[in-house]
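Structures incoming, each one as structure tokens.
Next come two complexes built around chain A: one with chain B, the other with chain C.
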Partner chain A sequence: SLPSSRRSEAKAGRTDLIFLIRFRHCCLLRNQRCLLAYLYDRLLRIRALRWEYGSVLPNAIQFHMSAEEVEWFNRYKKSLATYMRSVGGEEGLDLTQDIKPPKSLYIEVRCLRDHGEFEVDDGTTILLKKNSQHFLPRWKCEHLIRQGVLEHVLS
Partner chain B sequence: MAEAYFPVGPGLGTEENFLSLDDILMSQEKLPGRAESALPRLAVLLGQGAGSAESIPEGSKLEMPLWLAKGLHDSKRRIISVELPKIYKEAWRTVFSADANVVDLHKMGPYYYGFGSQLLNFENPENPEIAQSILQASI
Partner chain C sequence: QEANLKRAKRGDLKVSVHHMEIERIRFVLSSYLRCRLVKIEKFFPHILEKEKSRAEGEPSILSPEEFAFAKEYMANTEAYLKNVALKHMPPNLQKVSLLKSVPKPNLDSFVFLRVLERQENILVEPETDEQREYAINLEEGSQHLIRYRTVAPLVASGAVQLI
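So, the complex of A and B:
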């Protein structure tokens, strides 16, 4: 054990230490909070991506996601798909379509940039070239409209 | 994207939401206070000092972010005590009660309501008046 002079030194130091320990603890908690909030916010945005881009994310976006986030996205996708299948009878209900009530089944769209070939229901393909206009079923176009490839033309 | 993104909102009353980015920014705002005991090396830690390892003597004035004030504060006031920022004091409260529309709240501090609600965490005899005042100002 320490001699008495050393012991009183140690005791005097202790009240200082209380403050420093508490201060350091506050800083650690603060850093932890900031990190957790940042990571959680990323997840909220990644979840929104499923509704924005559909089940396949563009490479440019995946590039910025960590492996764990990609894993999370896949699990969310699966969860959502399971849920949608369980709703609305035999085939399930695709909730990511028609988020706003549609005015008609087919819509006139103009192509804003070259997107290549696009397959339509009866098997024929359409070439989506910049500025070309097409009359297509709404449900096929929604994702492309949200991504800015097609533009809904109001007649 | 904007349609499906729902960030965590700020907390209600005296509670913050841990994951709310708004609350995190709000709790970064600074509070005036004073040291209730000698605090070693605090000047360096708070970024207010020149960088030597001296301690700040008891009684000196401090400015610290809300999150630190909440962390170091206790009812016995052993480490720090917290003062009301000017904007919540008596004089300003009467201005708000006269007409809150007149005051440019943004100049006074960007998180007037949230921050004001947080102040109620530190026991202060003026708390009921502060709560009244920020409530009235927002109506």
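So, the complex of A and C:
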């Protein structure tokens, strides 16, 4: 430790510096906070992609993501898949489906490609030809809508 | 013939209604679980901290699978921020407390509730400096708008129901 005379000298010098040091530290902390907020906001948007788009990201979007962001996305979707599998019985429950409450029993659908014959409840068969439109029970069509065979027509 | 048709139609309707019910249940269940996941992701450091400081006999607020999901989310996010930003910063800025940075849930927000079991002498905190704290009784079946913090233990015990 310094002798008392030296100490008071050093203190006098340092008082000027203390404010500068504090100011610089505040700036650095602010920069850190802004940076982390920006990065985390990007992560939140990437997370939203999993829910709104699906588990496979198109190349156009991946082009704008850093390698670490892609890795974060892969870890997130794996974690989510593990959780969804653990819910509701053997196959699990896909929580990214059924986003809106089911409104009607029957829905208007348009056929996007030839799918062949399709049996309806009362035994009659419908021919699913490209561009044909039908009025079918919702629950029977859902998996075909997801596969892209049928398209829900909202008038 | 007509009887057959009637039977077939009735069966069809039952089946349709049954399916509608399944869809509705699936939606309600999915929506509920989604809501929980959203909350876990939004408040993850605080939820994990609460779980860490949970007493032995106290029930967890998370299912084991939710707990695993929360831990994975935290580890994933922490590792990302460390590798992309923090490790490139000056040494004294390389750690950040997510507990301090991530906003806490606002336990003072007002909630609507319905009383299931009569409660006596619930202490209500004053809103202004002129007021003093006072006690109220919650009658069974009554509905109130009150700060969550005041009734938090009653929600946990099931004595009141949030609406």
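Descriptive notes on the structure:
Basically, the second predicted complex is superposed on the first by the 93 of 155 C-alpha atoms of A that agree within 3 Å, B and C clash if a C-alpha of one lies under 4 Å from a C-alpha of the other, contacts with A are read in each partner's own complex, and residues count from 1 in each chain.
As a working rule, a contact is a pair of C-beta atoms (placed from the backbone, for glycine too) under 8 Å apart; a residue touches a chain by one contact, two chains touch by 3 or more.
Just so it is clear, the structure is predicted and the values come from calculations on it, not from any experiment.
In the superposition on chain A, A:70 makes contact with neither chain B nor chain C. In the superposed model, A:80 makes contact with chain C only, not with chain B. Of the two partner chains placed around the shared chain by superposition, chain B is the only one that A:49 touches, whereas chain C remains out of contact. In the superposition on chain A, A:61 contacts neither chain B nor chain C. Touched residues of chain A were counted for both chain B and chain C, and C has more of them.
Within the superposed three-chain model, A:29 lies in touch with chain B and with chain C [touch as defined at top]. Of the two partner chains, chain C is the only one touched by A:98; chain B is not.
Judged by the touch definition given at the top, the superposed model places A:153 against neither chain B nor chain C.
Once chain A of one complex is fitted onto chain A of the other, the partner contacts of A:127 are absent, as it touches neither chain B nor chain C.
Once chain A of one complex is fitted onto chain A of the other, the partner contacts of A:19 are limited to chain B, with no touch recorded for chain C. For the contact definition in use here, the residues of chain A common to its chain B contact set and its chain C contact set are 29, 33, 36, 40, 47.
Contact residues of chain A toward chain C in the complex are 28-29, 32-33, 35-36, 39-40, 43, 47, 66, 68-69, 71-72, 75-76, 79-80, 82-83, 86-88, 93-95, 97-98, 100-102, 105, 121-122, 137-139.
Only residues 15-16, 18-20, 22-23, 25-26, 29-30, 33-34, 36-37, 40-41, 44-45, 47-52, 99 of chain A touch chain B when the two sit together in their complex. Per the touch definition, chain C reaches chain A in the complex via residues 8-9, 12, 15-16, 19-20, 22-24, 26-27, 29-31, 33-34, 37, 41, 65-66, 68-69, 72-73, 76-77, 80-81, 83-85, 89-90, 93, 96, 101. The residues of chain B lying in touch with chain A in their complex are 1, 3-8, 18-21, 24, 37-42, 45, 55, 67-68, 71-72, 79.
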